[in-house]
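Order of writing sets the labels: A, B, C and D. Residues in every chain begin at 1.
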């Protein structure tokens, strides 16, 4: 009979969660208390371990789960310092006069969304608020869909909805095109040659926003969201090196180190790398969104992992001590 | 105390490396191009020839730019083609900035062509004189791969030489590999405890050499399994691997003289989906509680999920893979890990067949060559750059040419 | 003969595919494409064997009324439901526009894919985060010099890649900051280790392939 | 109740089921695992059927006249002889072909891209360090050189790891450990965001607890 308790608890928990007030956000004081409690719990684990009680995997799992989940409900801002890379990216965007045409290349897929989607949303919101005309395209098949999701989300903001933005006039989605870096190369001569129709099958010539957009020389800035190949490296090597257009990028944490050399040689105009880059980008554009929650979760979880490694080694030391004392 | 010493040793090792590099001066290796200076522009010269080392159907066009590209209003170079047999003209492609060569892959080997290149400036076409007539053709040998062929022949020759000499009875010395005794130990323990063995040959299909290497190790394990009547459970992710693994285990049972004890269901297909397969393997581990788990083959992100689950049930675990990114996880969560090449060597060791061992000796020749080339190359480069030695520069360039792969 | 023919086939196929690497001339130039086409087709036949094996084991469980027989029933029902959905949706109008496929958004097959297959697969992938944590807790211990090096290099890379690392070392000159150390470790010692492993793997592959082609390694062809 | 809402609930319940495994194996996980196996095996079965058998083989041979694909069909049919006990041994032929072709193909690919390109890279790195880089670069490349050579010595099977040779091999294992540690540390961080994505799905899309 006892094993059915788990089921009752689980179902009751789900019902409670559904009945809770929404959105569920706790005050900064409670948030700080929760953080301190989490820290104290780790100290307890450390003391237990030092006394020789090794903790089980489930406790580790619990800590990871808590550290990732709790920040979602917390109402506090990590003090985030905007790094020079992100500042450069933001400055380049801030310099664009309203009506500038920005090409947004979405080169990622859903698994990278936690890191890149917040950047996409912040970018779209910023662009729409400052009347930048956005031309979307993707070298990854699922990129343009991710773009549409970001647009749908930012269009719900009251300030942006009031602007009555029109598809085809204020923004356009050209869709995905296969061919990797060759797509960028061909776009250097002709956009319409590479994208004869947009994602909704409208002819390139019939879209007002694209009137007079022949190649990169009609584009004021390229913003590239990239999770690998093809991505930022290809954009820099072709669009920047050959056609001299300015490219700024948002990258996943895994991908970012490989584009740092371009940043130091000033070929790349700014970079938001990984979750922390996304959070900084949100700070810079003042479009606070998911990344500021995510970065809290991620930092918490990283700290927990590091804490566990330290605890594990502390335990090792103690056991060495003990065995030495026994030996002596 | 010992632990402190170890940590100190590692700290010194890493931090001395890091410290030296951190106090060194910085300077950027990137430089800017000089600005354009164009005065009078001549005409474009065009050369066309059959594309080298290919399967036909392609002609390479090369041209030089007297300076059009630096003019404001320059759009690109237009490649213009004349089919001299059919007498037709067409434009092939407008090339992007900085291009001086173009492979036209839309020609037929049965016709001849002549090419012109036009600079497109402010809507004008500044056309060059046509090139000579050319015809594309197929080649029987890819000239860029000459050194690959020579080096490949040396290493394959070494492998075959040692196989042959082992066959004639020459004693070959090979050092032992730590993970291998563990394989026997693991099988032995499972037999003693009367619990099954779990074997996973990676998640790739038969078109990966690692899968085949995993199956050859399975062959050795299965012989022991058949002798001692241990239970073996082998879930697979690809149906072809299932067929091959069944053949392998069946043969082991026949060799052990117990063909009737063999059952096809020892090897069973689960699903082609990577994580569906993982979910199933995890389920098998926690329910059947195998005493020993073998993960030998090509693995991806699932490596740690499986190895950690195996660890949690207290199974003795032996892993081996040639996926560099997954090795750390196996090293962290398994009792023994065959690192990279050891996976390929393991089956030869386990078979104890002289011919198999000979092949390892051949691969060692390859490693020796690699080390010698690296050292010679580095020494030659050092001397060449320090004393401007001509002969060393020659060696340097030769090595560079030998090992460039096209 | 039963034994020799497969060995001859292996040898001839192996040699042919080594040769195609060097010969751009037709028909060698097409070998790689032909192999991948054939391989896909053989795989499509072989998956019948796999599916039958899965169905057989599940049915066996049900007929024996073994402990978990309803679970086996779930497998069979799910398998059949998506197969039937995919078979009905299928491909339509192959040569005319618009051609529809069973994978298009809005089909039953796609609904199953989006709401069942995808969440299951990404969650299974995501629980890796838990295992990564417990593995680091257990494995990153300074047990011996090798383990200590593993610990330190992992630690540097980890802490160098979160903002905390830069807060901790922000007062140092740029070259000595943690993020810089992390990048250095990735760029140099890490590359060295990777290279040694990769060269070893390559030579291991060559010797294994030769053993296979020469018929010394043939356990998968007997039985 | 529209199908999207049902879909979200289904996805959420399946997500929780898989997650319950980390606590311990239980009936809920077993059911989710069975659903996963059934659905994904069926998914690949039907995908193979339409893409490889229908689109590639049937359309290729019957509609486009690419008769070379018949070879694949014949090999595939041989594979199925496994179902008929007596002539089952014919199934070894396609297996022999695939294994042989793989051996030939992969041998050359690995030899050039792994062995030759990496040796080339190591030598080239030193050249680059001398010709253009600064001292920082040079030290780094030197570390690559030492690490690569000592690492290769670890993989050298023909000599016992004793004396100087053993010492050098030991340095090789140290480099391997640094490599493994670095990759591990690098991955720990990127894996967290995968789980973050699932938790976000549960809290935002399903429970709508946060925006």
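Everything that follows uses one rule, which is that a contact is a pair of C-beta atoms (placed from the backbone, for glycine too) under 8 Å apart; a residue touches a chain by one contact, two chains touch by 3 or more.
Not measured: the values here are computed from a predicted model.
Of the two interfaces, A-D and B-C, the higher number of touching C-beta pairs belongs to B-C.
Mean C-alpha position of chain A lies 25 Å from that of chain D. If each chain is reduced to the centroid of its CA atoms, chain B and chain C end up 15 Å from each other. Mean C-alpha positions place chain C and chain D at a centre distance of 3 Å. Centroid to centroid, with C-alpha atoms defining each point, chain A and chain C lie 26 Å apart. Contact with two or more other chains is made by residues 18, 21-22, 30, 32, 36-37, 39-41, 43-44, 79, 82, 92, 95, 98-99, 101, 103, 105-108, 110-111, 113, 115, 119, 122, 140, 143, 145, 148-149, 152, 155, 174, 176, 178-181, 183-184, 186-189, 192, 194-195, 197 of chain D.
Within chain B, residues 3, 13-14, 17, 21, 24, 26, 148, 152, 155, 207, 209, 212, 240, 243-244, 247, 269-273, 275-276, 279, 324, 327-329, 331-332, 339-342, 345, 360, 363, 366-367, 370 each touch two or more of the remaining chains. Shown for chain A are the residues that touch two or more other chains, namely 57, 61, 64, 68, 111, 253, 298, 301-302, 305, 316.
Taken as a contact graph, the chains are fully connected, with every chain touching every other chain.
Of all residues in chain C, only 122, 125, 129-130, 132-134, 136-138, 140-143, 151, 155, 158-159, 161-164, 183, 186 touch chain A in the complex they form.
Looking at the complex, you find that chain D touches chain C at residues 3, 6-8, 10-12, 14-15, 18-19, 21-22, 30-32, 34-57, 59-60, 63, 68-69, 71-73, 75-77, 79-80, 82-83, 89, 92-101, 103-111, 113-115, 118-119, 121-122, 140-141, 143-152, 154-155, 172-189, 191-192, 194-195, 197-198, 201. Residues of chain A touching chain D in their complex: 6, 10, 17-18, 20, 22-25, 58, 61, 64, 68-69, 72-73, 111, 113-115, 252-254, 275, 290, 293-294, 297-298, 301-302, 305. If you check the complex, the residues on chain B that touch chain C are 3, 6-7, 9-11, 13-14, 17-18, 21-24, 26, 53-56, 138-142, 145, 148-149, 152, 155-156, 159-160, 163, 205, 207, 209, 212-213, 215-216, 218-219, 236, 238-240, 242-252, 254, 264-265, 268-276, 278-279, 301, 304-305, 307-309, 311, 322, 324, 327-329, 331-333, 339-345, 347-348, 353, 355-356, 359-360, 362-363, 366-367, 370.
Note for the complex: chain A touches chain B at residues 57, 185-186, 188-190, 238, 241-243, 264-265, 316-317, 320, 324.
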